[in-house]
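Dropping the structures in below, format is structure tokens.
There are two complexes below, and they share subunit A, which is joined by subunit B in the first and by subunit C in the second.
== the complex of A and B ==
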């Protein structure tokens, strides 16, 4: 299954499997890219391992995304991080499924750049990142109602985002 | 004391209300500091001069800005008409090209930029998004920038070709020569209405 992977990614996978064993839910490999799925409880441990282990050394967080998959009734949400290591030049995706209302520990302590990404994932999908220093709306106005990237949010009409803010403080 | 005299100062509720009571009208003839209106011939001469050095605000909101840049580049070259100096400061600009969709988050900034441009000023709404919101009848796009600021010329298209924008700018130059502005006769700019009532007029 792993013949498409770079040697450094094979090392990454072996290391992760050795460290976390059966706790990794799934690993998929596509076009030479590796994706691992972890339980939300292991989120922090896996990611800090990714950041600190010498053979992994993922020193950059490319992006952190949310996702809404309503057909997965048990855990309709998903958080994905894309990691990049400048030392080894390899990339990794780590995802975790989340139930409605379940929160996830923030990773701003590992990569400070996660701050904006987590704010965006929160405002678009309503995924709460516990311990985030400043969880405010980022791209929508602060009195916006609802989470616009959820699949059940109405496509048409400026629902939730009508110009209701007091513009005076802003102009 | 007009509401619009000092764009940096935020008028209080009472002041805005009083200005609306007095039906204060914007625009009108150019006035000297003493309040004397300039003769219309002199205004025409001024307008003629202005029309050859119309400096738009260097400001693009979305994909339409790419076509605006194309117009600024050497192929279409709006420098031929004295428009090459896109000013990065609204204080030095003569008008703005609203190029692209304006999100609700961005709307207060656009209105602020508009108010910071000294009179006389002209606004060109470029692209279907700035004109009417285009297909983005969604949660975050202002459905037409004219619900917030007075617009002189609309250039539809997604995006408009640089030639279309050029024609729009020619129409703006005609208005500059004639000293006609979109805000002439307006009691207040639409964004102020949002301040008062929470919603732009439909």
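== the complex of A and C ==
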């Protein structure tokens, strides 16, 4: 399964497996990218290990994004992060499945650049990041209703996005 | 004679090395240039933007000020949000390409290129050599036009009016090349999955060479003018220091990172297109301030001219689009002559490419920084999720870390030096 991986990613995978063993739900490889899936409870532990372990040293969070897979009824949401190590030059993708209303600890403490990404994932999918310093809407207006990137949200229409004049001066 | 020149060269190299500040030194310098004030009762809150001329679009920064010192900044973005990622889920891969160059409309081709690289990685499409060279050349033209525009606007923010028009005049030469090559001056939609839309038109080679012979001379002149301008030096040197560790923490990439002494360039580190086959240097500077970001961009433009010249010299003949009937469009000139090409055209336009399941992430070095594209496919012609992690989004987020403790007037210089475009930021 791991034939397409280059050596540094094999080291990463071995290190993660040694540390977390059965806690890693699965690992997949597609087009040379390594993806590991973890339980939401292990999110913080795995990511802080990725940040601090010397052989991994993921010092940059390339992006964090939310995703919606409505056919997966038990856990329709997903959070995906892409990590990059400037020391070793390797990349890793870590994902976690989430149920509706289930929250995830924020990783802004590990990488401050996650701040906007988590705000975006919250406003677009309704994924709550516990402990985020400023979890407000980012790209849509403050009074926008609904989570527009969910698959059941229509592409066209006049739902939400009404400008409320009574909020002027308060935001 | 040559012996003394060698010694002088060595002495100069040694001096240059000794002038490179270490990370600790930069940290200390940053600490010294920022003012650390405790917020007292006299905090004034003002809103800078979204219509402020130096905010390069519709970026709004809410500033907490003590006198002229910035205590805190709250960036507000989203005024230009168009829901590009949601639209992508409802379009086939070919139809997404015109959406991408509306992200960073200053350097549209870089965005096209990033998306196509990601899609090709997912589909396993191999781009033919001519296609790769045309892409590399166009990408570098894009970098030049982006940096010239940046130079004009950022110098204007610091108070020079004429420079803006001079830079726009020079950018016009590059835009004329784009017009000749792609038919559009800014939103080119020129890349295709598996190559590019068109071959080089007749006479392009000659005109392009004229421009890249002429531009470096002009740029050297501008650089000389600016480097001697005392007002610019006062406002740019030792202002807005952002060390490499800050850059990594806030995902600040591109020229800002290279000005902090890190020779990271995806064109070298994760090569794509024809970059492995051309020779160029990565522009690096070490003082991590506004002035060094200016130097990096000036050097990058010269390197881009070098790359374009090599591309024109080495441009191999042959097809510019992959002959991959399942994933890419046929060459347009064949569509009305060849029945197989016509069938492929209908198939691709009405059904779209047939893409395997999977997810990929691919980064390219756009003029403003690293532009990453994440695509998750569930099979079929439309992606299930697309995410553009664009450089300006993260640069806009890093503004508080860049300017807190500086003066309001310096914020203009610092904000200009990181090069944020709001189409790229708000998506």
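Keep this in mind: the second predicted complex is superposed on the first by the 164 of 171 C-alpha atoms of A that agree within 3 Å, B and C clash if a C-alpha of one lies under 4 Å from a C-alpha of the other, contacts with A are read in each partner's own complex, and residues count from 1 in each chain.
Operating definition for what follows: contacts are C-beta pairs under 8 Å (C-beta built on N, C-alpha and C of every residue); 3 or more make two chains touch, one makes a residue touch a chain.
Here the structure is a predicted model, which means the values were calculated and not measured.
By the touch criterion defined above, A:140 lies against subunit B and subunit C together after alignment on the C-alpha atoms of chain A. Once chain A of one complex is fitted onto chain A of the other, the partner contacts of A:44 are absent, as it touches neither subunit B nor subunit C. Ranked by how many residues of subunit A each touches, subunit B and subunit C are led by C. Once the two complexes are laid over each other on the shared chain, residue contacts for A:157 go to subunit B alone; subunit C is not touched. In the superposition on chain A, contact of A:82 is made with subunit C only, not with subunit B.
When both complexes are overlaid on chain A, the residue A:61 reaches subunit C alone and has no touch with subunit B.
Shared-chain residue A:148: touches subunit B and subunit C both.
In the superposition on chain A, no contact is made by A:11 with either subunit B or subunit C. On subunit A, the patch touched by subunit B and the patch touched by subunit C overlap at residues 139-141, 148, 153, 155. Within the complex formed with subunit A, the residues of subunit C that make contact are 77-78, 81, 83, 85-87, 89-90, 121-122, 124, 245, 248-251, 262, 264, 269, 358-361, 363, 370, 372, 374, 376, 384-385, 387, 389, 393-394, 396-398, 401, 426-427.
On subunit A, the positions that touch subunit C within their shared complex are 30-33, 35, 59-63, 65, 67-69, 80, 82, 86, 89, 91, 93, 111-113, 115-116, 137-141, 148-149, 151, 153, 155. For subunit B in complex with subunit A, the residues that touch the partner chain are 10, 103-105, 107-109, 111-112, 115, 137-143, 191, 194-195, 198-200. Interface of subunit A with subunit B (complex): residues 139-141, 144, 146, 148, 153-171.
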